[in-house]
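Read from first to last, the chains carry the letters A, B, C and D; within each, the first residue is number 1.
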Amino acid sequence: MTRPWPRDVTDVVAVRRDLHAHPELGFTEIRTAARVDTALRDLGWDVRSGREVFDATGLPGLPEAAVLEHAAGRAAAEGVPEDLVTRFSGGCTAVVADLRGDRPGPRVALRFDMDALPITEASAGDHPPIRRGFASRHPGVMHACGHDGHVAIGLALAAALSTRDFPGTVRLLFQPAEEGVRGAQPMVAAGVCADVDVLLAVHLGFGLPSGRFAPAATELIATSKHLARFTGREAHAAKAPEQGRNALLAAATATLNLHALPRFAGATTRINVGRLRGGVAANVIAGEAELAYETRADSAGVADELARRAEIVVRAAAAMHEVDVELTRTGHATAATTDPAVAAALASAAEGLAEVRATHPLGASDDASLLMRAVQESGGVAGYAIVGSDGPGPPHSPRFDVDEEVLPVAVAWLERAVRGGQW
Amino acid sequence: MTRPWPRDVTDVVAVRRDLHAHPELGFTEIRTAARVDTALRDLGWDVRSGREVFDATGLPGLPEAAVLEHAAGRAAAEGVPEDLVTRFSGGCTAVVADLRGDRPGPRVALRFDMDALPITEASAGDHPPIRRGFASRHPGVMHACGHDGHVAIGLALAAALSTRDFPGTVRLLFQPAEEGVRGAQPMVAAGVCADVDVLLAVHLGFGLPSGRFAPAATELIATSKHLARFTGREAHAAKAPEQGRNALLAAATATLNLHALPRFAGATTRINVGRLRGGVAANVIAGEAELAYETRADSAGVADELARRAEIVVRAAAAMHEVDVELTRTGHATAATTDPAVAAALASAAEGLAEVRATHPLGASDDASLLMRAVQESGGVAGYAIVGSDGPGPPHSPRFDVDEEVLPVAVAWLERAVRGGQW
Amino acid sequence: MTRPWPRDVTDVVAVRRDLHAHPELGFTEIRTAARVDTALRDLGWDVRSGREVFDATGLPGLPEAAVLEHAAGRAAAEGVPEDLVTRFSGGCTAVVADLRGDRPGPRVALRFDMDALPITEASAGDHPPIRRGFASRHPGVMHACGHDGHVAIGLALAAALSTRDFPGTVRLLFQPAEEGVRGAQPMVAAGVCADVDVLLAVHLGFGLPSGRFAPAATELIATSKHLARFTGREAHAAKAPEQGRNALLAAATATLNLHALPRFAGATTRINVGRLRGGVAANVIAGEAELAYETRADSAGVADELARRAEIVVRAAAAMHEVDVELTRTGHATAATTDPAVAAALASAAEGLAEVRATHPLGASDDASLLMRAVQESGGVAGYAIVGSDGPGPPHSPRFDVDEEVLPVAVAWLERAVRGGQW
Amino acid sequence: MTRPWPRDVTDVVAVRRDLHAHPELGFTEIRTAARVDTALRDLGWDVRSGREVFDATGLPGLPEAAVLEHAAGRAAAEGVPEDLVTRFSGGCTAVVADLRGDRPGPRVALRFDMDALPITEASAGDHPPIRRGFASRHPGVMHACGHDGHVAIGLALAAALSTRDFPGTVRLLFQPAEEGVRGAQPMVAAGVCADVDVLLAVHLGFGLPSGRFAPAATELIATSKHLARFTGREAHAAKAPEQGRNALLAAATATLNLHALPRFAGATTRINVGRLRGGVAANVIAGEAELAYETRADSAGVADELARRAEIVVRAAAAMHEVDVELTRTGHATAATTDPAVAAALASAAEGLAEVRATHPLGASDDASLLMRAVQESGGVAGYAIVGSDGPGPPHSPRFDVDEEVLPVAVAWLERAVRGGQW
């Protein structure tokens, strides 16, 4: 059963709820990207999307073909026109839109991430998306980090700016796969930052209360995500256990010892084995196992050292059980800092809209940092701002929700900053 | 595309190859059971099947509904008539058939197991099923333990006996889900052993060379299979790792410590964690993990003690990381011994067909032992015989294959034993 | 062979070298305490020591009787008079000395810790204590944290103040067993802080370069030290491994999982299993194991939570292998902050002696914090200052050494502060 | 206080009790060897001992010098004459004695092991050695495997045979350090088996009841003992945990994964980490750790494979934490079988003394196997016999005791076999 899907984007809350109800994991944001693509073209923006701006071929963090195909089928079933399903297939779900203002000025790019998380949304009656009827319709997938709000803000901003009454040129970057820090690197590779003067990323929440803006987030920490695939040898667990080479023992040993890597004095670090799959049945020595882990640090040097040690642990765990291991870095982000000029412009634009907090710690990673670095390294400036948003649960939890009242205020903030043009 | 599927079962090799090409995991043997059901009715046997002889409701080892549905769809697509797909849906894939001979005698039941394994078959050109074109058409599933041969033997035996020229009554038990030792218990519960005088199970291979029969296998070891589901609490791995309760650390610790349980002096034991799944993504503290393990021992007392210690390990691993755990025994088998009378009858029937080995160690578990015990406890006799079969790989390996030349000889052996009636 | 030991303490470098050559572990500082006791009496201070001010009976962190006896024997062999060996036996190695000034003023207590570490000193020719002939003469024991310097400073200060030309009363606290944070609590219990107005602790080095003073150290972190004694059951590893209850497997599992406890967002934490002893021989299942670990955090709440989780890990590891465990907290320290008045007085006193750094992170624990808290809670003020000291190796490493040139400057600093009396 | 020590050895129970009260660990059997040496010379045997027949220099399983010295001091204090203390110092505690019979015949060697175990003897009032006043006087050391009985049997046999009324030549081998299978190899190296026709070892107990003899023990399993020394880098656990290289984490990971090595189908295997020592204090990252483990198997091939895998685990655990490891094989024994001729001679000699059991499983290792193999490889025959002995506890447990009533019967058995000369 195919239904039409909404094209109007001026009601930021309605758009956010529609996206919340249809969450899509990284590289499968077909319905989301299609909505963005259509809306921006309707508003007169110069849109490039899909393979024009994003080559997903061979990306290490790309889901399997079957997953991508399933997502395409679901998007089609949810009313996405066939040409757009095709355009955004194969993981190529980015959208880039430009609009030239009515007077000279800088090229300002704003990043909005689109993907959801593999989390099952809370089903309790008091969970706002349940109470108001817009909870996730995709089992096991949930917008638990506010990216639905980000996209809605981006589209409402696009509508507001479509009058062209601003200096310079605005570029909107709708990015796939921020989770897993996989989607920014291909956008950088596609050149979307090449001629950008100001790069701005915004995130909702992260501990900052509603009614407050933080123009310059701190603790944007470096991270890398890794996949370790252990390949041993299966064997009958009763008839010939000694003929097996146990990939699960290797993976379990790696898991414990990765978590046991030392804290670093003078740096904030994180390590997590977040996913482990291995073996087929209780009576077979496990021949294969796959482990996804991440390392983080608030300094690039410590991040590199921690990733180096993690790799040693993984390789030694494989050697210990005589299994092979293939290690792939599936995503990464760097540490990043907001330029004072950007912070000042945002603080000025916030007047009367919200209380300004000079800084607020993100305490997490975002591959917007790669876009920021690309712009900063070629002479531009960049910033990472936080829009306060209260909610019933922390990010990445089934109870997460955004405070919808802050969405239009966030739009107003960005609109003012763009119109001000004082970076 | 629906094709007719073969109903003739006299060509034991052809039947075996057809089954080998269409392997079905435990409780999803719909196409297999349908072939068996149809063939036996065609041959004039008194057939009871599906829910008549097997209640799969709530079985702890039952696959998820989606898996059962997928199997039903596949069976339909492979030509199984709709009424039979329905009959064998929901995991109820057993078939029991009786035939009364032309003279008085004992009720003799023969067990044939039907399920395949979650193993990807070898794809090398010299793998016989590849070379001869009957390799598995079901990705990731394979007859790697010879059950395809068992079913083929059972059906050819049914054809041979359809003349009714034998004493007493023969009952053929086509059992689901021997792997995981899950299918025999529900058949016992359904009463299929209640009035049986002689229970016989046969297995191909297991190290006995072609040309040899072993009427009385030894080392039929007790086992139990368990599923441990750990439930902790998800959290953002960077923002709030301390708010998580890490189910993967619990599972990894359990895995290592289960394998580290002691050997037992004077007993052969086995322990294996064969499957582990946990967590969703590298940047989320894993909130859930599931672990499938088995314990085995050649004495019931040691088996119980080992299972007790394993449970302690699993529960302590959960407590260690403040996660909950739900433990389920998904299957079990006991130790079993062939009665001398059965061994003697089988040895006598083997004359001229194969060289008889008084015993041969199975060194593994089979829940035929539960059928054997049920019959033995109610005054009957029972046996577990091995038919020698050379092959390129060990059981439960991608290279496994049976020696098809032994199949008709096995049929002849069982036919002679039944006709002899001297148990 | 008994030699006289030096009683003069005015040469701060000579005293420090003598102490460096005769390092004594916590609760065995007999020779050190005897030197302190004698020197202070010689200088006219009012001295209380041994059991008068320190009850070591039943302290959980106390070494075994044999260790205490061995220390007493060594001290006697090194020339300590018998009455003093007796006075400081049984772990009662504290010395407290009071001197009243010539005019009214506050009671100011200064803490100097005396113990060394179980570290084997570097033997390389370029290690200063080797080159200059005052390396440790006690195998496996070393002043690797500068406490030799602390005691020397304290004694030189006592000599300088013996003129009584200062306001109020000065109390010198020579504390045993700072390592393991075991010695301060019994001193608090003995009432040495009861009537103190100002409590001051000083530490050399810790990353602050020579020529700099930091009147107010930050990051004085809370810690607790624990001993876990696992008691299982021994068994012959070949004849009856299953009859054993393996204390080493419990300890090894605890070790890995303690280190794998999560980082805490927003807090600096540490966890370390620093010592493990278990089992007797390769062919015996280990029946006993003992594990010493510590937890630390820069907030008291997180410290408590981390200690709670560590206990859960240890108890679950024992339960997992069916062994008993006895858990003892052997020492602890709290977080602490220097009062502004103390910092100001110290900064003022430093003028012309060294460059003042408002703060410097200790990044470690010191149970001087318990003395500080005791004084602060009864209305007094307290401070923890760092005297910069370059050196070839970090604290607690075999290469550690203090910069002797800073010792007399530190004495001058404290003398000025005491004489100033402006707290 | 020096007391004379008994020289008479005809009272087998008295000798056993004296030895039981003075147990000595492997390579420190100075008092034991001195008693043996003196008694045999008194009886007229041709004795070679100490360095004449045993070169302990550089043996990997040798205790540290301090331990050897302490043992020498204790032996002297217990009345061993100084020349004998010297003779048996440095780990050279073997005694070999020859006596020629009065007629031609084979050279028959009998092995008696002398060492005790690092086990604290039971102190309960109903423990026979406590009740009868001959419990261990050496804290932490105990004859818990019956070697005290073996030596007593050997000496009483020497006394009985001193009449020379037997064919051929008898050689008595009193071996050090059977525990840890360390003492036989140096005796083979010293040539004590070179011209031996019959080699016989005897063991008390091991599950065979009093009143029974087993001339041919089975399940004499191959073993090797290993010491792994991990060397990492110490660091302050709070100031610089990341600068450490944690030897304890390596050792703990090795411990768990060694125990998790697979069972082997078709073979009995054992693996045990029996001792672990590492680190110095809770607040120091452990820089050193030492781990003692053993592997066993009832086939030499499996034993080699298991030892190979164990080494891989240990080396990988070191690599995982970037620590070095030094691996030493400290002892070993091979699998061994009694020759039929020896079994027959022993069975014949047992008539009227005890009930003969054709075989009894030792289920353990004994480096008498190396002596047996040396003799068998040079054309001789060998045997390993068990003398039944009831007792309150299993070997290697604090409750172990031998049934003293069987001791004179064992002497009689061996005497008859030697006098019979029918091997």
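The rule we apply is simple: a residue touches a chain if its C-beta (ideal position, glycine included) is under 8 Å from a C-beta of that chain, and two chains touch if they have at least 3 such contacts.
Please read all numbers here as calculations on a predicted model, not as lab measurements.
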(request) Could you tell me which chains make contact with subunit A and subunit D both? (result) B, C
(message) Need the graph distance between subunit B and subunit D over the touch network, please.
(response) 1
(message) Roughly how far is subunit B from subunit C, centre to centre by C-alpha average, rounded to an integer in Å?
(response) 65
(message) I'd like to verify one number: the distance from the centre of subunit A to the centre of subunit C, where each centre is the average of its C-alpha atoms, in whole angstrom.
(response) 48
(request) Please report how many Å separate the Cα centroid of subunit A from that of subunit B, as a whole number. (result) 46
(message) Could you pull out the residues of subunit A that touch at least 2 other chains?
(response) 238-241, 246, 249, 253, 256-257, 259-260, 262-263, 265, 270, 285, 363
(request) Would you tell me which residues of subunit C are touching subunit A in their complex? (result) 256-257, 259-260, 262-263, 265-266, 268-271, 363
(request) State the interface residues of subunit B toward subunit A in the complex, per the touch definition above. (result) 117-119, 179-180, 206-207, 221, 223, 225-226, 234-241, 243, 246, 248-249, 251-253, 255-256, 259, 270, 272-286, 289, 292-294, 296, 330, 363-365, 394-398
(message) Per the contact definition, I'd like the list of subunit A residues that touch subunit D in the complex.
(response) 238-242, 244, 246, 249, 253, 256-257, 260, 262-265, 285, 305, 309, 312-313, 315-317, 319-322
